[in-house]
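After this come two complexes, each holding subunit A, first together with subunit B and then together with subunit C.
Coming up: the complex of A and B.
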């Protein structure tokens, strides 16, 4: 296998707040290979957005501190990269799109200005060439009449069109990695599928890796190659997407699967919900973060943090019970 | 936008008309008459009194005086002072040129101070500079001009004079010759203290406004996007944040421009500058209607223009704001 594009290695991110230290990320590791689309799934507060923002150094420090870990981008540690060099990577090699396209574009500048601005920061080209490139990018993401619409302001676009513009902007400098932080959460359901399709199509076309952050397993199933599930600031399971859906190994993933409504099964039972609520990260549980909510909990789970182990090729899982011979059968 | 501007200017004319009419009426309601005030303690013989009254047209019925005033005004003639027979045009021209220069430099300095303090304290939030800025802005707002003016004169005039710190002495005479209306040709030093006194009062307020407005903008998603694009912090602050934070600032700056007209007048008094400062008070006390009315017209027109510029600037700052001619009633 080629050198990984991105390797997050045992990352810790803590926040100093007036209520004490919030341990948002407690040893997260994740690898992304060139051309891969990887989903990072978790509920609110699991640390997925903080992980994504940390890659680009967008988490304000203070309050954030990085007590441990590295984020290796093609071998260099982004956490220790000076700001000037980081700025060239931001947008140029790694770009990012955000959850709410309504507020992610600056209301006082035209779409064209905002795309061209980014292109011109990363390459020495004329304003005219940058504009042509912007039109080309808008065309790629399926914006109708890009040559006219380029002079429109964000408020003149619908939510879906704005997210297309965000994708066009993010891809305009031919990045190698696109981080999409809940790119469809704020959109209408009908638009969501379109945006995902555009995202996947353009990424595959331009051979861009994607780190797709979402809480929606349906989104992951649609376009990802591989999935990492995050809980309580750690990756708890990582697997190729089909394997994960076929046979989850970690009780949390199992719970998530069961709480998806199934259209093909007629059921009179209420939809399953995972009992309890996510851990408070200013006082995380001593052992496995999921232990207080887990149906399969044993004493050891409360005292000892399980390690992320390779259960089968490409299948990583963080659970004490996974090595028990008949445990997987129970989850299936 | 053009139609809107014309409409707004016509509206201002109505405001000027209403204000002048109201003040005209007030001069007839208040007791006493300008001619006996003019003569002071001595009582004039009735014949002479009648002559003088006739000379200023004060023997005519009120409505005749009123229409005469407008008649002259349309010809650009504001009449003559009851007190010293000088043309009001001349009085305003001489006095207002000083006041306008003071106002210009005060307003400019105010903007520079407000932008610098507001920006630094928002960007370096919680830093020593921000704390000093906060203390400065909160503290200075409550100080009246006659205190800050005298304090400035002491710190940058009297004290350096006593200590022979010549470089710190900014208490110099007001410049005598000017080019382009506002640029002094002899010395800049005389402008600095009075302009500073005019500037600081509202500069503090505007700076606080800019700080809170910027802090809100800096939390916006599009600022995060701008950083994610790989822009430098400077570019994000000045290009992306500042413009979005300007709307409330422009509003208070406009209001302040009108308000510091009054501050400028007080400052002229404190620094004994040959502006409108004393003329306004004296004319009002001696019921010198032509001077007061003339001045009122200038101030109201100035206010109308400032308000118009503020409204037009909203549309320039934020494309979501449409200057809609239909919105004007």
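Coming up: the complex of A and C.
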């Protein structure tokens, strides 16, 4: 088997705050292979964005501390890579798009200028070639009249068009990995559909791996090959997309799937609810982070953190009860 | 048939666009443009649409939190649009609102009990926050009565939204307007609030106007659904009719754009998905004729020249020259 593109190995990220140490990530492991689209799903505070920012070295230290773990990019640990080299990788081999395109674009430069700048930082080509390449990229993401719009400023674009420009910029240096942090959360559904289509199409066309971070299970179901679910700073389940939705193994995933209203299954029945609210990471539960809300909790869950085990080929799950022979039947 | 609880006729709201030092009016945003609908007793009307379509403005007009430019609002037999500021305050006992952001809509200096009791005191139904109805309502909304002495910052988003709901229901209103009540909440907490809203409706038998952009949520809670686009209702009908058999191309596109949490079905839906081109036009300068025509794949000449009226098709009302059958 070929070497994975990205391997996050038992990562811990803590923040020193006036409220004490916030344990944002407590042992997260995740692997990404070339050309794969992987979804990272979780609620606010689960640690998904911090994971992504850590890959790019964008988390300010302090307040962040990395007590343990490695982030291996093609075998090199990004956590110990000097800033100068990291800058080469960031934007070049790994690029990122964020939720709010307006805050990630510079309002005083034209879109074309910003895309060209990005290209020229990472490769030695003339301004003219860079401009042509920018137009090409904007065309790829479905921007109408790219040759004219390249001279427009960000405020002249709508939300959907700005996000297209961001995708064009992110893909302009032919990255191997694109990290998309809630790329469609700020957009309307009809625009979301456009952006997701473009994101998937261009990633598959250019053979770019994507780490798609979202809270929306629907978005993940549509375009991902594999999905990792995060809760309380850890990956609690990871599986190929069909398996995960068909037969979730971790009680949190199971509960989450049953608690979202489904448009195609219109019914007036009550929704399943996960009681309580997500853990406060300055005071995380001692054992399994989900134990206080879990309906299948046993004593052991409160005291001992379960390990992420391979339940079946390609199916990782973090739950004490999953090894019980009849437990899976309960979740079915 | 008995009178509906709420009847809105040709409601219109224009916001002036002001520029420069002298604040001269240079144009108008036609946020709500001739909206008519009814809500019956015990009914939940879902009002959906994309950002800027005027759904929240419509909700605020009904409560007279904004004054309509023109149009009529009949609530509980009264003409809401003609009431004076003082008279409307009395009516608000019967019509309450829950806001989207549970962080911004609760006064941080008031305790939970004070927040929930305030409407009672304002309407002269109680003298202070010691009224037993307050604790009762706090408990009904799924919070423990010991929480009454605490302040909003001590609570999570979901709990705060429960407080917002308790405050809205304490006067036992006949109509509750919910403006995106779950969109700021985490997925696992959304279901708790949706179930709570269901339970409370069963218990108190009031009507909801549920404003949201999330079609899955709307399909779950509504009995009827109205779809808005650029200040107009393009389709209104029963939930089943809207979701199983949409007639307006926009409704169809909207439903088809929603990603379902079902990978196998998504792969099929993806091949037939109607991906609308372009963006919503500016409400300051809406297209002539049918406002959806600039993004509609069925648009023809007539769509640019004449505005389609809301006509009955099947069990829905649809504003389209070429509706889907």
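Methods note: the second predicted complex is superposed on the first by the 330 of 332 C-alpha atoms of A that agree within 3 Å, B and C clash if a C-alpha of one lies under 4 Å from a C-alpha of the other, contacts with A are read in each partner's own complex, and residues count from 1 in each chain.
FYI, a residue touches a chain if its C-beta (ideal position, glycine included) is under 8 Å from a C-beta of that chain, and two chains touch if they have at least 3 such contacts.
These figures come from a predicted structure and were not determined experimentally.
For the composite obtained by overlaying on subunit A, subunit B and subunit C can both be accommodated side by side without a clash.
After overlaying the two complexes on the shared chain, residue contacts for A:105 are found with subunit B alone; subunit C is out of touch.
Figure note: vertex subunit A, arms to subunit B and subunit C, all at CA centres after fitting on chain A; angle 80 degrees, rounded to a multiple of 10. By the touch criterion stated above, A:128 is placed in contact with neither subunit B nor subunit C.
Shared-chain residue A:87: touches subunit B; no touch with subunit C. Judged by the touch definition given at the top, the superposed model places A:44 against subunit C, while subunit B stays out of reach. Judged by the number of subunit A residues each one touches, C leads among subunit B and subunit C. After overlaying the two complexes on the shared chain, residue contacts for A:263 are found with subunit C alone; subunit B is out of touch. Of all C-alpha pairs spanning subunit B and subunit C in the superposed arrangement, the closest lie 5 Å apart. The contact surfaces that subunit B and subunit C form on subunit A in the two complexes do not overlap at any residue. On the subunit C side of its complex with subunit A, the touching residues are 50-51, 156-159, 186-192, 194-195, 198, 213, 215-217, 219-221, 239-240, 243-244, 253-266, 270, 273, 275-277, 279-280. Residue ranges of subunit A in contact with subunit B, taken from their complex: 56, 58, 87-92, 95-96, 98, 100, 103-109, 117-118, 121-122, 153, 155, 166, 169. Interface of subunit B with subunit A (complex): residues 220-222, 224-232, 240, 243-244, 317-320. The touching residues of subunit A, when paired with subunit C in their complex, are 43-44, 158-161, 188-194, 196-197, 215-222, 241-242, 245, 255-257, 259-264, 266-267, 270-275, 277-278, 293.
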